[in-house]
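The letters A, B, C and D name the chains in turn, as written, and every chain counts its residues from 1.
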Amino acid sequence: MEDKLIIGGQELESRLFIGTGKFSSHEIIPKVIAASGSQVITMALRRVNFSNEQDNVLNYIDKKCILLPNTSGARNAEEAVRIARIAREAGCGHWVKIEVISDNKYLLPDNYETIRATEILAKEGFVVLPYMSPDLMAAKRLEEAGAAAVMPLGAPIGTNRGLMTRELLRILIAEIKVPIIVDAGIGRPSQAAEAMEMGAAAVLVNTAIATAQDPVQTARAFSLAVQAGRMAFLSGPGAVQEYAVASSPLTGFLHK
Amino acid sequence: MEDKLIIGGQELESRLFIGTGKFSSHEIIPKVIAASGSQVITMALRRVNFSNEQDNVLNYIDKKCILLPNTSGARNAEEAVRIARIAREAGCGHWVKIEVISDNKYLLPDNYETIRATEILAKEGFVVLPYMSPDLMAAKRLEEAGAAAVMPLGAPIGTNRGLMTRELLRILIAEIKVPIIVDAGIGRPSQAAEAMEMGAAAVLVNTAIATAQDPVQTARAFSLAVQAGRMAFLSGPGAVQEYAVASSPLTGFLHK
Amino acid sequence: MEDKLIIGGQELESRLFIGTGKFSSHEIIPKVIAASGSQVITMALRRVNFSNEQDNVLNYIDKKCILLPNTSGARNAEEAVRIARIAREAGCGHWVKIEVISDNKYLLPDNYETIRATEILAKEGFVVLPYMSPDLMAAKRLEEAGAAAVMPLGAPIGTNRGLMTRELLRILIAEIKVPIIVDAGIGRPSQAAEAMEMGAAAVLVNTAIATAQDPVQTARAFSLAVQAGRMAFLSGPGAVQEYAVASSPLTGFLHK
Amino acid sequence: MEDKLIIGGQELESRLFIGTGKFSSHEIIPKVIAASGSQVITMALRRVNFSNEQDNVLNYIDKKCILLPNTSGARNAEEAVRIARIAREAGCGHWVKIEVISDNKYLLPDNYETIRATEILAKEGFVVLPYMSPDLMAAKRLEEAGAAAVMPLGAPIGTNRGLMTRELLRILIAEIKVPIIVDAGIGRPSQAAEAMEMGAAAVLVNTAIATAQDPVQTARAFSLAVQAGRMAFLSGPGAVQEYAVASSPLTGFLHK
């Protein structure tokens, strides 16, 4: 089955994006990336300690992966734009995940500032993937502003609460043409699978892997779940029924 | 990772059991079994047409698989017992899935008759896997009666409604010592994964595979999802939080 | 609107049954009963301290109410039968709520023993209301055994978890002829309303009222919610839609 | 209990707002308003046929009610502003519900345009209640723009799907200082009660009442449910437990 995800002109086989935050040490990151099969890896530019090789997260990411620096720490469009440019100049490539957050409790994104930043950066040639609060009209504006994909949240970052916004995600998937990548809130492989079954193009998982007791095994689990969900989406799931439908003949040979 | 499921003295590597009902033709069954990786295959004894080789579902099941004839069509313990004995005599082995159903609309099992049949058949040396309505005290009685595992339903047979009984399943998983195999109602891989994440020992899927547009691909999807859910269970999932927890540092270098 | 609930030959106007356990003091019980409008009040026979008037919960229950002594503490049918008989002889009337529980962690009822006790007590002229784990075949047996109503749980006693078993309750409501009274687990008025909207005949609430910060006000809240849910059930709710349906004309006069 | 909702300087006793769209005839509207106890009634300005008294919905709304003309039909801020001004000039008062919608399938609001319209109208002295997609940062901007309350949706208009966005609503209720009025999607009284239990200040219901088989009775049901939910919120609900907590003593006198 030929089923490639194309973003920013890149063909991707894996539909699981992962993050590098919250791991107990950098040393585990290469194993997690390998187990996940991920081809797109996000990291906060702040973590990229260019003056200390050992502390530099970039040294732990396979060169074949696409770097997706994020603008975490940005509180408005200007700051996000500035971080994106620094990342590109520093050699992190031209992909960027926009995060503009000024809410410190739920870490919810600011769609308005995110649209502004997307507009500027898309024009500058970035492949822009904006993290967003799931809202159809904002997603349409992001699309118009040149986003390569949109990344609506399933639940607040780091909560592991799952697809709490599934009703809104469902609508985004139906109405938006660029890929929908569910980001934030996915806490278990079953939730990643469900997002894919709904028709999401990919998911981004960080906390659920990084804070699991066994991150490498958990990365593998998410990888399988994302594949399972995607296959189910492509295979056309059976209909949901109100009443039971027998799998086996009920009137057996005993009653002939 | 050594993680075997042992039932009736048999070591099983696959935790996905599948059924053979509702497929458009027998010919697809071997491909579905291969794609699913299943080692335990259930079929209604009624389907075992011993007088016609081509119509005999047994001829489409890999000899390495464990046959799990079910007593579908039985309306009380006596009928279930009789079907089980016929199955054994006919060479279908000594495993049996007890289904006693007299409700024709929701096809819900009769726990009371099921307990009676389990008691009789366990004494006769069968490996008894009873399909049941999720109820803790009935599960305890099935365990005492000699069930090798118990098979509570997630939702009525064939509905694809998922883990509608998850609250009761959760309790069975916590309190019952024999393996819990969630049977009936699982309609999508994400639901199979969730059952495994909760600690189910295995799941049985039939309708969701047999009625998918692409049954072979769907079988593969369920196989991956079951593995994903099991891995996540073993890896110790992260905690669910009410508030957000940042994956990346929020106070970026812009604000130093 | 004439809408009476008839149980054991009694016409009831209120569809909210309440319990008397867990209150901080007996003194608040009359106010709670008045606020709830309940006509059927359950209490553990053990609380009926016949030798001490002040500690006797019966003295705090309005004489117009129907007493529904329960057999809590019973671990099998025989004990439940014995408690029921003691209650009747002690002047608590001939209604009885059967509770047979041997699981100390989730306090889940034993349907099998409950059916046995129901059979015996119904023959002795009791109005028998059995507390049960929601299971269609067990409910059918309770009906046949002479239960005046059946009382399936929404979630384990005292958990305030709500209608976790709604899928099974829905089936009981559709298939069982005697009234379905949802008992245990209802933690908020919205959940009581939902049970009634689904077609439950009544609900029994205890913990959620007794452990609220303001039990009297909470009793009133449940009373209103039960009425609201019942009215909605009788009024025929509107259909659930997948897409939006405008309440107001979308093409306004601006676009004429 | 003194528990008034104050919006735009008006003290309101009822926390149920209702709409006037979709009723089979204008004649039923006064009965519905009376049964609902509502004090705030919304209507599309388009329905206000000033040239025909009989077709003019205003003639069916009790003079004691506050009119809440909505800008349905507006596709951007300018159109919303224009409709609001026309409504005020026509004598419909100075309250306005802003609806800016350009999505014809799900009828989801445009938060960006809504913020712009709110800013303009609040400065002109309107009491502005904006209908919005539940998004924390947009709600903060509406608050700053002078909204008297914000009206996030539970599900798309007219779907009767309930509080599908409850995770986001919960956050708005926690973080926004002006009243949160849940608008759109509420299909049953239990859902209205749940919104109030969560701490919503009020709910607006239209489709669920207008399309019920018995709209007057349904209005009454919603009124009771809203009161029930509000009482429960104020009374401090009991905690949700994982395990059971006995209502009655388990070790009965039989075992002394």
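Here is the rule we use: a residue touches a chain if its C-beta (ideal position, glycine included) is under 8 Å from a C-beta of that chain, and two chains touch if they have at least 3 such contacts.
Because the structure is a prediction, the values reported are computed rather than measured.
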From chain C, the most remote chain by mean C-alpha position: A
Separation of mean Cα positions, chain C and chain A [Å, integer]: 46
Chain A and chain B: spacing of chain centres that average the CA atoms, whole Å: 32
Where chain A and chain D are represented by their mean Cα positions, the distance between them in whole Å: 34
For chain D, residues contacting two or more additional chains: 105-106, 108, 156, 161
Chain contact topology (line, ring, star, complete or other): ring
Pairs of chains in contact (touch as defined earlier), listed by label: A-B, A-D, B-C, C-D
Contact set on chain B toward chain A in their complex: 1, 19, 21-22, 43-47, 70, 72-74, 79, 82-83, 99, 101, 104-108, 156-161, 187-191, 193-194, 197, 206-208, 210-215, 217-218, 220-225, 227-229, 231-232, 234-255
Sites on chain A touched by chain D in the complex: 102-103, 105-106, 108-112, 133, 135-138, 141, 155-156, 161, 164-168, 171, 175
